[in-house]
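Two complexes come next, and they have one chain in common, chain A, joined by chain B in the first and chain C in the second.
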Partner chain A sequence: MAESYANDPEWANITPIELDDGSESGAMPLATIAYPTEYLEATSYLRAVMAANEMSERALKLTKDVISMNPAHYTVWIYRAKILLALDKDILEELNWLNGVSLKYLKNYQIWHHRQVLISSKTHFPTMPPKEPDFLMEMFAQDSKNYHVWTYRHWLVRHFKLWDSPRELEDVEALIKADVRNNSAWNHRYMLRFGPRDDVPDAGMVNAGNADISPEEKGRLPVVDEDSVDAELKYAQEQILRAPENRSSWWYARGVLRAAGRGLGEWEEFVGRFVDGNVVKSSHAVEWLADVYGEGEKGKAVEMLTMLKEKYDPIRKNYWDYRIQQLGEVA
Partner chain B sequence: MALVSGPGRAGGISSDQELHISKHVAYIKNLDTRKDELEYWLTEHLRLNGVYWGLTALHLLGHPDALPRNETIDFVLSCQKDNGGFGAAPGHDAHMLYTVSAIQILVTVDAVDELEKRGLGGKQKVGAFIASLQNKEDGSFMGDQWGETDTRFLYGALNALSLLGLLDLVDIPKAVSYIQSCENFDGAYGVTPGAESHSGQVFTCVGALTIAGRLDLVNKDRLGAWLSERQIDKGGFNGRPEKLPDACYAWWVGSSLAMIDRLHWIDGKKLASFVLQCQDPEAGGFADRPGNMVDVYHTHFGIAGLSLLGLEGLQEVDPVYCMPKSVIARCFAK
Partner chain C sequence: MPPIIAGRHKRKVRFPAANLQPPNIISTPAPAQQRQSQQKRPGNKYPSPLKPAKSGNPSNPPRMASPQEPRPGIPALFTQPPPIRDPLVTETIELQDATLEKCLDFLKGLHISQKGSFNASGVPALQRDDHIAYLYDSLEDYPEGFVAMDASRPWMVYWALAGLTLLGEDPTRFRERVLGTLRPMQNPTGGFGGGHGQISHLAGSYAAVLSLALVGGEDAFSLVDREAMWRWLGRLKQADGGFSVTEGGEEDVRGAYCAATIISLLDLPLALPHDAKKAREAGFETLTDGLAEYLSRCQSFEGGISGSPGVEAHGAYAFCALACLSMLGPPEETIPRHMNIPLLLSWLSARQYAPEGGFSGRTNKLVDGCYSHWVGGCWPLLQSALDGKPQPSGTPSTTVGNLYSREGLDRYILGCCQSPRGGLRDKPGKSPDSYHTCYVLTGLSATQHHHYRTTSSITSSEKFASAFSWHSSPVRGEDNVYDKADRLVAFHPLYVIPHQAAANMRLWCEAQPVAT
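For the complex of A and B:
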């Protein structure tokens, strides 16, 4: 950070633009802001160079100075990206610097968009920078459910077509191994295995945005690799056994069966292991059985839903009542 | 409006089930006296959002005149840029999120006509700015010209344009189809296609579909199941599976359930009890969880969530716009 921009010869030809906070018109009792002087000065020079759209080394340094004081200043990031590309700077060096900023400000999301803008440059990055997954794993070590980082990682997969990259699945498995309740990792796994590929528009599941497909058909793959489906179902079962009350793995299994166009019934035997008379090891298993029985044995389905309502999930009593009503008149 | 957290802490006493209205009013009014605190300028990038949160909370608390109306309008207008959009504070670039807050504030204080009198180009110019941020290919909306995409921006665009009576400036069918593409295998919605389901994003998607008149596209039972699962034993809602509860999700999850007519699927009493434990009974304000520092964001969404549950003493909130129902009724009666 410069000692003072006003005393720096490099900045002598710039007339800083003071913040017009409206206070001169007397309009602003709600928002007059007591800024630290360094920040006020730096941003006054920033306004001046931005107004002139100056693409220079000194402007680049200035953006870094402002970011170091306030990384949530959304305007400065846009300007910085423009300068980096205009001056043809070393983007890898920028990424290295960004890594540190990202680790320091875990909740900031301007940083992630900035990263995406830079890596989108096909001239600089015809393929993914090889250290990207390492850095993302470093971020996940801080917060393995960081929504910005996962959204960025999803973008990377689509941008560089990484659905079958071994590293993607390896990282997801490591994260699920470390915390089987990491719903973000489960979502990423689903996108890798069953999400739309590059021949169709992106969506949460195949055909989600397709108006010509009925809701029941959404998520169903046109071509199913049964071996892959079986492997994923086996994986889900292993994870369910680790933590039977974990919603994420149960939802994943439902998503896999949906993608394959297969019913919940094929898991009846496995799921039954968690519900033995009055000994219930997983409320999700009870719900699963209710869904299976709902197809034919409605009386048994009501029994399951009643267990959920009365014993395992009473906080959602009205929801379970609705489900019971939906089954209609049953003995 | 300062977004500085604290100074108070949420009481966290489960026996305290009273809403301390006058304390919350005083807390919000006093935010303006804290401009000498370090965090104040660090949150400058949220200032206009902060005014919307504070103002709306005051209206819901039944104290609509607690902030000076003229100064509020002056401040909003001072954030407008030449392109018609609004920045977070004077001198900041225009962005969707602040433009939406600006319109919500002006509608709440019944001053949209000020855009014609003193604004830069009237409401048509504001509408044109919002419309310019729609991606003509896929129907999504960006936050600003820089291109970040988020279902929040799409919802915000439809929210503000509908309040201004300018929905015809954008391609609604394309926007609707984009939202549909954000639906996940678990029945809920993410920030972009393929991103993990998140309660905040569910609110934006369901809200946008409601404004577009296309709630028929939502599988209400499936989404309702996912949303009601967000209530955990202590009564609070989390934003995603296996995450901690947070008072603000009383709003994001609760309003989404209300829009699809499934709010009764959760235990409202337990939810209200959790949110009330997040208030500071002495100095006012709400925190994310019992025992944590209060801030204006959680104060606003905590109160809005309680209003949704029909807590006595609060004005009714509109689940789509997150503004008082009476304000929305007045706006659409015009």
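For the complex of A and C:
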């Protein structure tokens, strides 16, 4: 902003609302910021147009100006979305501009909600804008575990019913290929394969949030496509072989078996390959065996948990002790 | 004694602008400056603090005071890399290795910047006066580079006052200044925004209400327009049982926790206000209907809890969800009814890493001091849920005990998170900020206390009886690795302020019911 609002004829009919920092109470306000003059002025005009709920081109320009100085100002984003929709602006143009802002401020999450508000307009977007996945992959190239971007991508899947879209799975596989420890990508894969579809409310696992169903049943599918389950288990095994001490792939496999209502026991042979006497290649395999043995051979289960406690994961000693004690109580 | 900033004397805070970076888990803002230095640079894939260290690089000489031998009193668990290492190197491993490398000197008590005396356990003393001075400073003026914090000023107030309180300072001396600061942020339509003229936000309202509770007194309690707050909460209530954080804003588990905190501390009516349109259409009758079910849907297949249904499990949201469930009813009932406990326990326990000792927020992410509270704060709630019904007396009931390593967390906090010029931080190599200072200290305090409930509550209301039945007693024992002088004040495990501060606000509000 080179020119001030006060000198701009376009803004002549607006009386800005000055910042009230509370100092009139006589007490010195806390955690004050030495705002740049331009910011103070722009936000004082923002307060004025928001108070009048003005939906105008000049207000839209003002929101962009404030965002350029402080993209973390959540109020201005919400106001901007309202104006864009009220004035029926070109939303694709807005998205293009947002892409640049998003890449510049990677941790900002107001931007992602703003994007969601715009794209959820069915009149503008009966289907997903085709370039969304490319842009999201560009974001993931900067930070492949960005929580806000993954939250947004999950929303996209729900909103446009993309569970079976080949592109979703392709992207997830590319990210897991690049870093098999990208747990965010694993979570997305689980939701594509086993998450609730559109006939039930969204949830991290099926069967969740219904007071009549025990949390024990969370994640168990009512109807299981065994071929898909087998393919996912095979995929998980391949990824485990690449990096056996990677929690993400082991816990994905547990999630798959849980979804299918199948026990951990069917993997006993595979898992045993990582626990060979004194040569242990994966603490997760030891934990897996403890769970398998816990069903009957409690002595062996205790042996596994003791290995974790003493050697392979001793920072969690109290937890392993609790697990050992639980076995005793059940027995 | 730390410097006391009084009168109208203003001074600049001393930390540089780019550093005040709370991971925006629960805070609303994301400072604009951050991350700009992390844009793609050719040949430098990582931001410098995380750049994987290369051994034997002459431009990067080791900064240790002495060779590798750790100080006496430190178990090998906290000085050795984990026993199993996969050969496959990916970005996750590179970042993890770099973090480990940075932490090891601090864990061994060998880093040149570590101040003060080391005790027999090889743990450095809490630099109490430095942290107090840092937090007093953090309540004063910020240079213009901090404009990105403009939507988070209630947080700045809360983090500093909470941290100071933990350190034994008296926050009530700030009462007038807190009232003056927060008054213009309250909107006549209910709730507090991040600043004057900003729309009301649940996170900002949470921080404002807790700040008022910290300074206490009738003037503070009566500042909140509770009827308008109640009506506003009704408009935020969503058809799936959760809360959006602002009108027109996103819905997440922060919203649920902040709303439950505000409702229970301020004794707001539970009945839905007339204009709670979405909630009424969904068939709800109260502000809390459907809330626990919403949280239940946020448990992921890993066992942890995500910010909204279907997303990755995350430590900060786990605390928000468990604390919210523990307000909605006795945790031994609400948590097992809505969470798969074995999955949750396993995931939560896996957040603690060795040798660092600290917690990570997600699977395959790095330790960060702020999770000392977000993850650490889950443990007393889960342990209490496992302990079952509280005992009538004031003595701690028999207990499953403590299911994580207090020693590990204490070593990480005191060894790795103390910044040499005051304030606490995410990890070595990061600058301190008031967000981390507050939540690292909250985590330290939680390791130093048993949190338990009794059958008597300070409130006679049935709904939140359990939430107001918590007590704390100091952990005594030979195995504490911190010194007596480093004990902090106990906080209420749900409200993250002293027990008495929570009780005072609740009781005052009960005595002045909101007219509906």
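One rule holds for everything that comes next: the second predicted complex is superposed on the first by the 321 of 331 C-alpha atoms of A that agree within 3 Å, B and C clash if a C-alpha of one lies under 4 Å from a C-alpha of the other, contacts with A are read in each partner's own complex, and residues count from 1 in each chain.
FYI, contacts are C-beta pairs under 8 Å (C-beta built on N, C-alpha and C of every residue); 3 or more make two chains touch, one makes a residue touch a chain.
Computed from a predicted structure; not experimentally measured.
When both complexes are overlaid on chain A, chain B and chain C end up clashing with each other.
Once the two complexes are overlaid on the shared chain, A:R181 sits against chain B and chain C alike.
When both complexes are overlaid on chain A, the residue A:Y74 reaches chain B and chain C alike. Within the superposed three-chain model, A:R242 lies in touch with chain C and out of touch with chain B [touch as defined at top]. Residue contacts after overlaying the shared chain place A:G255 against chain B and chain C alike.
Judged by the touch definition given at the top, the superposed model places A:N99 against neither chain B nor chain C.
Which of chain B and chain C touches more residues of chain A: that partner is C. When the two complexes are laid over each other on chain A, chain A has residues 19-22, 25, 27-36, 39, 43, 47, 70, 72-75, 78, 81, 113, 117, 145, 147, 150-151, 154, 158, 181-184, 187, 190-191, 194-196, 201-205, 208-209, 211, 215, 218-219, 246-248, 251, 254-255, 258-259, 315-319, 322 in contact with both chain B and chain C. Those residues of chain C lying in contact with chain A across their complex are 7-8, 10, 23-24, 28-32, 34-36, 38-40, 77, 83-86, 88, 90-93, 138-144, 146-153, 156-157, 160, 174, 176-184, 193-199, 201, 240, 246-250, 293-294, 296-302, 306-314, 336-341, 343, 345-346, 349-350, 352-354, 357, 362-365, 400-405, 408.
Per the touch definition, chain A reaches chain B in the complex via residues 19-22, 25, 27-36, 39, 43, 47, 70, 72-75, 77-78, 81, 113, 117, 145, 147, 150-151, 154-155, 158, 181-184, 187-188, 190-191, 194-196, 201-205, 208-209, 211, 215, 218-219, 246-248, 251, 254-255, 258-259, 315-319, 322, 326.
Within the complex formed with chain C, the residues of chain A that make contact are 17, 19-23, 25-36, 39, 43, 46-47, 50, 69-75, 78, 81-82, 104-110, 113, 116-117, 142, 144-145, 147, 150-151, 154, 158, 178-184, 187, 190-191, 194-196, 201-205, 208-211, 215-216, 218-219, 242-248, 251-252, 254-255, 258-259, 280-283, 311-319, 322. In the complex of the two chains, the chain B residues touching chain A come out as 1, 32, 35-36, 38, 40-45, 47, 51, 67-68, 71-72, 74-75, 77-78, 88-93, 95, 138, 144-148, 177-178, 180-186, 189-198, 219, 221, 224-225, 228-229, 231, 233, 235, 240-243, 262, 264-267, 270.
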